[in-house]
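Next, two complexes with chain A in common: one pairs it with chain B, the other with chain C.
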Partner chain A sequence: MAVNIALAGNPNSGKTTLFNALTGSNQFVGNWPGVTVEKKEGKLKGTKEVMIVDLPGIYSLSPYTLEEVVARNYLLKDHPDAILNIVDGTNLERNLYLTTQLLELGIPVLVAINMADVMEKTGDQLNLVQLQKELNCPVVMISALKQTGIKEAAQQAVALANRSRIETAYGQFDERVEKTLERLAALLPQTIPAAQKRFYAIKLFERDRKILADLPEIPAAESIIASLESELEEDAESIITNERYLWISSMLERCYLRKKQSSLSVSDRIDLIVTNRWLALPIFIAVMALVYAVAMGNWSISIGTHGTEWTNDVLFGEIVPNAVDSLLNSLKVSSWLSGLIQDGIVAGVGAVLGFVPQMLVLFLLLCILEDIGYMARIAFIMDRIFRRFGLSGKSFIPMLVATGCGVPGIMASRTVEQDRDRKMTIMTTGFIPCGAKMPIIGLFAGALFENAWWVATSAYFIGVAAVILSGIILKKFRIFAGDPAPFVMELPAYHIPSLQNVLRGTWERGWSFIKRAGTVILVSSIVLWFLQGYGFVDGVFQSVEDNNHSLLALIGNTFAWVFYPIGWVGDMAWKATVATFTGLIAKEEVVNTFGVLYHYAGELSETGEEIWSLVQADFSGLTAYSFMIFNLLCAPCFAAMGAIRREMNNAKWTIGAIGYMCGFAYGISLIVYQLGGLLLKEVQFNFFTIVAIILLGGLLFLLFRPYREGKTLEIRIKTAKRD
Partner chain B sequence: MKTLKEVRCGQTVTIKKLHGEGAVKRRIMDMGMTKGVSVRVRKVAPLGDPIEITVRGYELSLRKADAQWIEVE
Partner chain C sequence: MMPLTMAEAGAVNSIRRIGGKEETRKFLKSLGFVEGSKIILLSRHGGNVIVRIKDSRIAISREMANKILIG
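Up next is the complex of A and B:
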């Protein structure tokens, strides 16, 4: 018979380590239905039918955070056969708080006290027999990191799952509270199983709307709740929380002896330096600079960059094309098919896979920082700055990474825990000028601004300003503002990273990227290759040598009018439009496209020096700047859009994010072109001047509009469809 | 009324009452900050916010904006 065991525990309790140790490589990663919370399941090592479901790390079963709602919905509705509750032995009081709630669900619970090794070292004494008696459920000691006791714990959980009778004790609350809960339990509908009566009675008492929505109305309850509230002069939720903690304290008094720590722990001593008032920021900058240098930089220590260069120049520059070439030749395939395979698929997918080495190095370093415990410190140090823009302290990392490439940048937003902050980070990370946008800046800075230093600098400035403005504006919108959950965060003790965790984390992120290169990016590469290579010549549809006749040029011409208000007029209009479209494959393509469209036959240098004079003839300084801004801020390349889609895990949010970027880019370009043009006397006062003024006014209004955090928190979850 | 926000680094105080309501209050209490518990402010972030406290034998950081809901003595 198949057995489902839910793994539940606080964040930082060692849950992930335990899950990895229990399941090994038999893992399935997905998302909980309807939300962006990651769901992991795995078969227990050495068994065929025992499935371990890793619940999100949670502190409580309240209705106020997404993770907690997801976890309790699963526990109540899917009813696993047993709960394996991992408890951090160095932080018993708070960890057992969740345990007191899990015990009420009518599901057998096994409590596994983790970090037995650390407890032994510090000399803390825990009377297991006594704790077992108090909780009335089996308790075992384990060390997830050292992998001691975990097999036994798993076996015991399985045995528990197979037992038919459930024995759990509930917290012994104050007599008055107990009486009230009894009266409320009596009001509950008969359909609720006896073992879950306690849970539902407490939820009824706490006025938990999410749980009560599934029950018929119980009007008699309110007066019972209110009378106890006025008697104890507290609200219902506080009464229950207080009682739980009182129970835990009294229980621990009887079975736990914490050794007084005489001196600072190693971790504390590290923190004295790392989060020191004066040293924290310099150390942070140094760590980030090192990560950047090793993964994305352009020096001899930049392992990631060397890997990427090798992949681009050798693997996808010579080895793969040559191998494919000889294969295609030997198979004697027709020229259009070999064109599709070589120029479409190999070139397109290769361009994206080239980033893999950089990303793997980067993710490896980030995983190490996370596992050591430094990530939490970053949030602690940077929170104050980023919070103003509706972002989190951890948003810094995605932004930094995005100066190299937006794709790993967006993927790095995973480390941002809060849903709102993460979504905001995903939406704004793409504004940072990535490495591939540099040639665009180079082309126009060279062609029109005599390589003035301020052009490239202003590009970065505009990118950062776009992030900040968007943050300030977006956080005021309802869809973002509804979340007043306080920022509470632990700074876990530093520890040596576990090789297994780090490698697994790196691989999971890297692999999900590679998989996408095989799907979304593959398809879009083929489509664009087709649009670029085929078209109508003299009314006949055929493959075209001259890009000007391609379907892509046709599309460019058709849509060029859209960009008229931002100054793309005259001869350059359709060229700029086409270049913007090809920029969607990869931003490097923008310069290449101009090369093709200006009929430059040879190989272009990176910044397209060869066509500078031609560009100069077509663009004015202002239109060039407008084009540059639009291309820096608008929808990122397909690879980055794919990353947005994956991280948002929701079609509406993905479209919203990309739409917002395009709209924002268009608005800013319009303001710069129309108002800048008016000042420079390049543009006459016209209808779009008024539009630009209105847009600017609207932007300033949104920017300075007062901001209020919402008072209520709505967490919506699509109910899982069960077959 | 003195709140946790005003407590100096290194000081130990006792929680007297929790203000606010709903998600914020529940979250603060879920983390173990209930009436009568003693709290020590261990650290202030380099930029002055958030703060790190010791409560129920573990370390927790929270923003001053949330700490002001916690009345202490």
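Up next is the complex of A and C:
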């Protein structure tokens, strides 16, 4: 018989470590249905039928965060056979708050007190027998990090799952509260199993609409609830919360003996420096600079860059093409097929896989920072700055990752809890110039601006400015109105990172990046290869030598007019259009495409030095800059769009986000080209000059229009009534 | 009674009242912010604060910290 065990616990309680230790490599990662909260399942090591389901880290079972709703729905609807509740032994009072709620569900619970090793060190004493009696459920001590006691805990949970009789704990709440709950339980429909009566009675008392909506009918209990509320002079939810904490503290008084500790723990002392009002920012900048230097920089310590160079120059420059070449020759495949495989697939996928070493190093460092506990501090430090333009401090990490690659950056937006803030983060993260956009900047900075320092700098500045402007502007729209959710975040105790957690986290993120290269990019590489190599010559469809006749050129010419207002005119128009299209596959394709379109036969260097003179002949400084801005800000590559779709989990929002990015890019390019051109006397005053002025005016209006607070739904209803 | 932002660093205080939006108040409660519980201000970062409550460190933005009354 298959057994499902749900693993539940607070964030930072060691849940992930325990899950990894219990399941090893037998893990499946997916999403909870309908939401973008990650769902992890795994088979218990050494068994075939025991499935451990890792619930999101939660502080309670109330319906206020996505994670809580997901966990609650799973526990109530999928009804696992047992719950393994991991409890941080160094923070019992808060962790047991969730336990008191889990015990009401009518599912057997095993409480595993984690960090037994730390408790032993500090000399705290916990009377397990007494605690078991108080909670009316089995309790064990474990150390997830040192992997002690976890096997026994798992076995005991399985044994519990197979037991038919369910013992549920009944909290020792205040007598008046207990009486009221009894009366409410009696009102509940008969269909509710006895073991869950208490849970539903409490939810009825708390007026929890989400739970009650699942009942066939909602019992009329308002008078009972209201009478106790007025008697205790508190609202129903506060009454229950207080009762739970009272129960926990009275329980701990009887079975928990604490050694007196010094007032400041080691973590507190580190925080005094790391989050110090003067030192926090310099330390943060130093840490980030180091991460960036090691992963993406251009120095001898830059492991990531060396790996990427090796992958590009050696692995996908020589080894793989040569191996494929000899394989294809020995199989005697036709020339078009070998062209497809070599120029299409190997070159296209290789271009993307080249980023993997940099990504892996970046992820590794970020995972270490996360496991140490520094990430939470970063969010805290950045919150004050990000809040000014309507984003939360938690939005910083996605943007940091996006300087490497937008795909994991967008995926990292999951850490932003509030829906509205998360959507804004997803929409703006793509503006950050990622690694693949660097060659575009390199090409034009070299070809037209003699590598002037301000070109590359301004490219970064434009990306950051786009984030800030969007943050401020989007907030003026009703959907995004309202302050970012108040920043409340637990700062976990610092600890030495666990190798297993770090490697696993790095691999998970890296793998989803690689997988995308294997799917989206593979397909689009094939399509691009086809469009580039085939076309109509004299009305006959055939493979073409001169790619001016290719289908790609046809497409470019068809759509080039769209970009006329932003200065893509003359000979460069279709080339720029095509390059923009291929940039959708992967941004580094932009430079490659120019190489192909300018008939450069040999191997192109990263920034395309070989074609600088040709580019210079076609582009003016202004059109080059307009092209650069558009390509830096417009829709990201397909892989990133896929990530946006996955994180938004909604077609309308996905289209909205990508549409916004394109529109924003177009608008800024138009303003820069038309107004810049007028100043430089490159462009005559024309219809689009007026459009540019209107756009600029609109932008400034949105930017400086006073922000009107409180356009939320509830308030609108209220004012409507008053009218 | 005074807002949490005005607390003296290191001093032990009690939470008297929590204001603000319903959602945030509920979240704070599950983190252990209930009336009567002890709270210690550990550090300030330009109005934002880090406090210790029930053995954990929680960072709170100024807007929220202003709505937590202690005494």
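Here are a few things to note about the model shown:
In this section, the second predicted complex is superposed on the first by the 549 of 723 C-alpha atoms of A that agree within 3 Å, B and C clash if a C-alpha of one lies under 4 Å from a C-alpha of the other, contacts with A are read in each partner's own complex, and residues count from 1 in each chain.
One rule holds for everything that comes next: contacts are C-beta pairs under 8 Å (C-beta built on N, C-alpha and C of every residue); 3 or more make two chains touch, one makes a residue touch a chain.
Not measured: the values here are computed from a predicted model.
Of the two partner chains placed by superposition, chain B and chain C are both touched by A:241. Of the two partner chains placed by superposition, A:4 touches none, neither chain B nor chain C. Once the two complexes are laid over each other on the shared chain, residue contacts for A:93 go to chain B and to chain C alike.
Shared contact residues of chain A, touching chain B in one structure and chain C in the other: 59-60, 62, 64-65, 90-94, 97, 237-238, 241-242, 245, 271, 275-277, 280, 380-381, 383-384, 387, 485-491. Against chain A, in their complex, chain B makes its touches with residues 18, 21-32, 34-35, 37, 43-50, 52, 56-63, 65-66. On chain A, the positions that touch chain C within their shared complex are 59-60, 62, 64-65, 90-94, 97-98, 237-238, 241-242, 245, 263-264, 267-268, 271-272, 275-277, 280, 376-377, 380-381, 383-384, 387, 483, 485-493. The touching residues of chain C, counted against chain A in their complex, run 10, 20-21, 23-24, 26-32, 34-35, 37, 40, 42-48, 50, 52-61, 63-64.
By the touch criterion stated above, chain A contacts chain B in their complex at residues 59-60, 62, 64-65, 90-94, 97, 235, 237-238, 241-242, 245, 258, 271, 275-278, 280-281, 380-381, 383-385, 387, 484-491, 711-713.
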